[in-house]
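In the two assemblies presented below, chain A is common to both, partnered first by chain B and then by chain C.
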Partner chain A sequence: MNAKLAAAIGWLAGAAILAALSLTLTGYHADLFRKLLLTATLAVGYNFQFGFAGQIAFSHYAFYGIGAYAITILSTRFGLALPVAALATIGLSALLALMVAIPANRLEGFYIALATLAFAQLFVVVMVQGGDFTGGPDGLFGFDAPTIFGARLAGANFMLVVSALFLANLALFAALGRSWFGRACRAVRDDPEAAAAMGVDVARTRIAVFTLTSSLAAVAGMAYAFADNFVNPFVFGIDAMFVLLFMVLIGGAGRHAGAVVGCVFLFMLPEYLGDLVGRFHLLAYGILMVVVMMFLPNGIIGLWDRLAKRLRPEPAR
Partner chain B sequence: MTDLLELAVSILEAGGIYALMALAYLVVLRPTGIINFAVGEWATLASFFSVATLGWWNLPYIPGAVLALAGVAAIGALTEQATVRPMIERGAPILTPILILLGMVVVYREAAALGFGTQNLRVPPPLGFGRIDLGPIAIPMQSAVVIAVSGIMLAGTWAFFERTIWGKAFQAVAIDRVAAGLMGINLRLVAAFSFAGGAAIAGTAGVLQAPLTSAHYLMGLPLAIKGFSALVIGGVGRVEGCILGGLVLAACERLVMRYAPIPSGFAIGVPLLLMILFLLVRPTGLIGARGRT
Partner chain C sequence: MTKTRLTRRALLAGTAAAATAATLKAPAIAQNAPIKIGVITDRVANSAMWATLMGEGVELATKQVNDAGGVLGRRIELAWEDDQDRPDVSATRARKLIGDGVVMILSLSSSTAAQQAQTATLEGKVPHMSPSHSADTLTTRLNNPYFFQMGPLASFQIRTLMAYAGTRFRRVALLTDNSALGTVNATSFRQGLQQGNIQIVADETFERGVTDVTPALQRVRAANPEGIFHAGILGAEMALFFRTYHQMGLRQPVLGSFNLSIPTYLDLVPGLLEGVQFIDVYDDVKPEVVDFANRYKAVHNKDPFSLPAYGYDGIMLTVDALRRAGAPDREKLRDAMHATRNYTAVIGARGTTIGFAPDRRIGFPENGCVVRTIANNKHGHAVWRGLAAS
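Presenting the complex of A and B:
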């Protein structure tokens, strides 16, 4: 009972802090805040896919892009009402995710990474070459922020929506991680044969994880489309995907807190290192990634766990 | 007829470079089990080194190119020593070095951009810009160089694996690591040489590519993807597979560029589509590996 109460207080406090930030931040800081929340939403989902289920997929950012492009094209080119366009986008991305997941499920280990990398690169190629329909290399811009229930989805309203999206993703994946499904995912990651012997349907678990996390990346992408009312193909390229992977690994793969910590850390690093490293923050990311993988295999959150254990008095046995 | 012959030359040229990239993966992958995405960046580094040795220091072509390749081979061996070996010896899962090398991709690339800038750097072609007259067609000199050098390199690697005791040691490690170690093969030396060799082979592709498109810090990823597609098409096992994969990939790409009624930009998608197709339909590639994998 006590733990449940503490957890509820934690969630409420988190929601209150995010709401307060949404209502007070302006200008550059507001921009930073909403992009950070969107990236953190992606990181939490990717952490479930990579850290919990062990799928090294490089398609997460592509699905983010699919969500952003689909909602923009459906609502501006086809003039669909926003809720209809949103539902259609979710349906489309879930379908695409299934189409990738079912054949990819037959591939072993790192080959999934290559197939999804090829898929992600193809997405960028098609968007760049799509002519007027996708806006080509310039992307899509000049569309208006949507209005829902009379509230314009911009400024503080938008940040509140993104905050809610982030918390909903975090809560969903935290609950899933503790559930039967989460344990099945970890079993499949650690030893698929043993998992199958214990009655876990390995193929179905893998396909479900891929489809769920990819569709939720697309949902985050729908929100991204209205962050700047601007969608550009190169935002969803392989570099962004690498950085997302680095975030999860540096924070601590397989831990929700790790994904969030890693995301905040890498996202804010260029802000503080800006003068020191100039445009070479990617170099800093790369070095950090190599060092963390070599010396802190459990990431920042693993380091935190060790420190906390040392500070806390040993319980009597 | 002329058209077709010119097409054949451009396929041989591109196919040679793709085959070298595929081989660079293979040389590291077979003995160590590591899929190393840094090969594209090794090609980038070597082409930048060739800018320095050939363009800035004006060395003669062969010493200049060899120096550039030696530089990148040293980087490959050092990377293995510093990042991969400690992980293997600690008994970390094989995914750890793969992810570390993914981090090294970014490190190499950004370091190259820091050292050589982000603009295109031209590299002088070894035999100038002339053409060789061959009956109905005239081959650009650099195409002839690319075809000749990649051919020699591929034949040399094939001979190394098939005809020398060292090559047999590599094969033995690939087939059964533990047994090979027990037979007295120095596993550390094999790993170090596989990284140095992979870097030199990828570097050759980079040095050959540089006079064609000039050196640029982002040239690595396309080469890495094409090399991997060629590897998947040909089969992860033997040098012949790399050559076949490189040629099939180049043929598909060039034929699509020439004849398919789609915007030429979509041709970038050809290797990606072929890779997906082969992974799904024939994951062992056209030529399978010898022995147990």
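Presenting the complex of A and C:
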């Protein structure tokens, strides 16, 4: 079968499955599904930033929060129509991402991590201390789900939007990964000097990756705001950021499927471990993560690759 | 031997009889099925320190009710969920419990988690109660007629502390940590102090995980307050504060929120809390408290304190409302909860009761707090129940 046709069928099948789940799941399972998809959207973006471009940044969840807060404040406090508020949120996020990326670009490796960690912490502090404007430690809530073209963004409608957002992110990053930009990102990650010698503008590439992935994290955050119609600063804390990093590492950094698999694995694990081992579930979760990282250096997707290689018939000599 | 022939008529009659029996049996089984109460706790994160202890009270009350024959002829069954003190996870867990058919959800982890879980209970129309949370905004910012708050509001606590302190303090330091509840408590404390025209000469927040609070306490010393009000809730940071306070030789009296009623602090920094005055809801001379203490001691072989009492009261109040509702029906239970008046709980100063006024979903009385002092590394008796007395 033609590879492009196979890929198109794969995407259509994925979209059909997500649409079917969106239309049929209710209650707890629907909640789990939409929050899993939103986290997977974040993981795919962070995988591009960390796995493809090699940026160890800890601000991804903060931008998720910026998106959630900005759309809520702009649409509820300032009364902007949702499309206008969404565009303004994307603009604001991109501007903030640029403001972080440009000075951070002068820093290398570990120091970028520290700079973005400080930004992430600062975001939570500002939201907690923001008084009535940000809702303080309680956050913002009690607002209604928005309506677009007469359809209320709640229930199945909301899950369809979240599914589309996830697939759009995945498709975008998959396409970028195959493009010259993706190759430039990998070259910058592996050897910036060599990349520069080959004509890649290292600084621009790094800034573009940071701004793009952070802005898309903010877009996912806009959707998150309407998952429970509730935005709380502590959801966007650094703990969640570390879990996102582990999702990418355990799934297989630098592989889109790895990010998704790692996300599903770590997101769902506490759901089942809680019932199995009670109060020790985080300990079991931690041990499992260490085991995976020790014995599967390329993540779960690496294991899949090894299995697939063994099962594949030897080429004829 | 007689051979019995299976006719079509006999088969039909048998099937009809079996179906009738099954129909008759079904309600009996359903009626005897346990009544499920959901409990959202935190087993691993910041709230675990108090949520675990409240859970002991929840289990004690449940056992007591079940040993006495249950309620409405049925046993109580607890469905536990762990939200890891994450607000978004708390909402998900609440939805899971709603799907499992619970008639009531008790939130034991942080107030921010309970706040977000309310979005699920409002949507699912399920009664939801916070036995201990103190955030003033839990019932005011979201109009959720299914949510009830039983614990003492932070504003009640600061009013009690101020009434107790009288005119002793005109200049105070306000300390807290950057946890959600610490921030919320400090906001209420700040407002209360400002309304009482008490000057806050030092206002310090300890970051979670801080390893040195000396600079903050040096600023406190430099500001020369007459007393230190502590609204924080994080265990390690609180312990660090008391160690540094003694190392620096500070002498200002320390007045704390109900968080200092957790005896864990006495084990964390033994001997360093002498003279600390704190808000509590546990009035140990009250008959209900004595009865509760005996029951708790029989199971745990140690003296109880306020936290298990919150959990105990959470279940007992629910059971009381279930009896008045007459059926384990969510709407009837909600109405019965809201109709609660003059319920004598374990928590609350002697002579005070829990009740939900028609326009409010806050059960704890404004005059229900007591002040206790730590002496000989133990919680002393209530030294002041002035608001209750007045």
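Everything below uses one rule, namely that the second predicted complex is superposed on the first by the 308 of 317 C-alpha atoms of A that agree within 3 Å, B and C clash if a C-alpha of one lies under 4 Å from a C-alpha of the other, contacts with A are read in each partner's own complex, and residues count from 1 in each chain.
Operating definition for what follows: contacts are C-beta pairs under 8 Å (C-beta built on N, C-alpha and C of every residue); 3 or more make two chains touch, one makes a residue touch a chain.
Computed from a predicted structure; not experimentally measured.
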* To do: Check chain A with both chain B and chain C modelled on it and let me know: fit or clash.
  => clash
* Where does A:L32 make contact in the superposed view: on chain B (first), on chain C (second), on both, or on neither? -> second
* **Which superposed partner A:L282 touches (first chain B, second chain C, both, neither)** => both
* To do: Could you tell me if A:V235 is touching chain B, chain C, both of them or neither one (first, second, both, neither)?
  => second
* When the two structures are laid over each other on chain A, which of chain B and chain C touches more residues of chain A? -> B
* To do: Examine A:G139 and indicate which partner it touches, taking first as chain B and second as chain C; both and neither are also allowed.
  => second
* Looking at the overlay, does A:G91 come into contact with chain B only (first), chain C only (second), both, or neither? -> neither
* **First (chain B), second (chain C), both or neither touched by A:A115** => first
* Check the residue A:L107 against both partner chains and state whether it touches chain B (first), chain C (second), both, or neither. => first
* Touched partner set for A:V290, first chain B, second chain C, both or neither -> first
* With the two structures laid over each other on chain A, which partner does A:L249 touch: chain B (first), chain C (second), both, or neither? -> first
* Tell me which stretch of chain B runs into chain C once the two are superposed: 26-34, 206-214 or 224-232. => 206-214
* Structure fact -> So the chain A residues that chain B and chain C both touch are 125, 128, 282
* **chain A partner contacts - residues on chain C that touch it in the complex** => 43-44, 48, 52, 81-82, 84, 86-88, 91-92, 95-96, 98-99, 112, 115-116, 119-120, 124, 135, 137, 141-143, 178, 180-181, 183-184, 187
* Structure fact -> The residues of chain B that touch chain A in their complex are 35, 83, 86-87, 92, 95-96, 98-100, 102-107, 109-111, 113-114, 221, 225, 228-229, 232, 263, 265-266, 268-269, 272-273, 275-276, 279-280, 283
* Asked: Inside the complex, what are the residues of chain A that reach chain C?
  -> 27-29, 31-32, 35, 125, 128, 136-139, 141-142, 227-230, 232, 234-235, 240, 270, 274, 278-279, 281-282
* Of all residues in chain A, those that touch chain B in their complex -> 56, 103, 106-108, 110-111, 114-115, 117-119, 121-122, 125-126, 128-129, 131, 238, 242, 245-246, 249, 280, 282-283, 285-287, 289-290, 293-294, 297
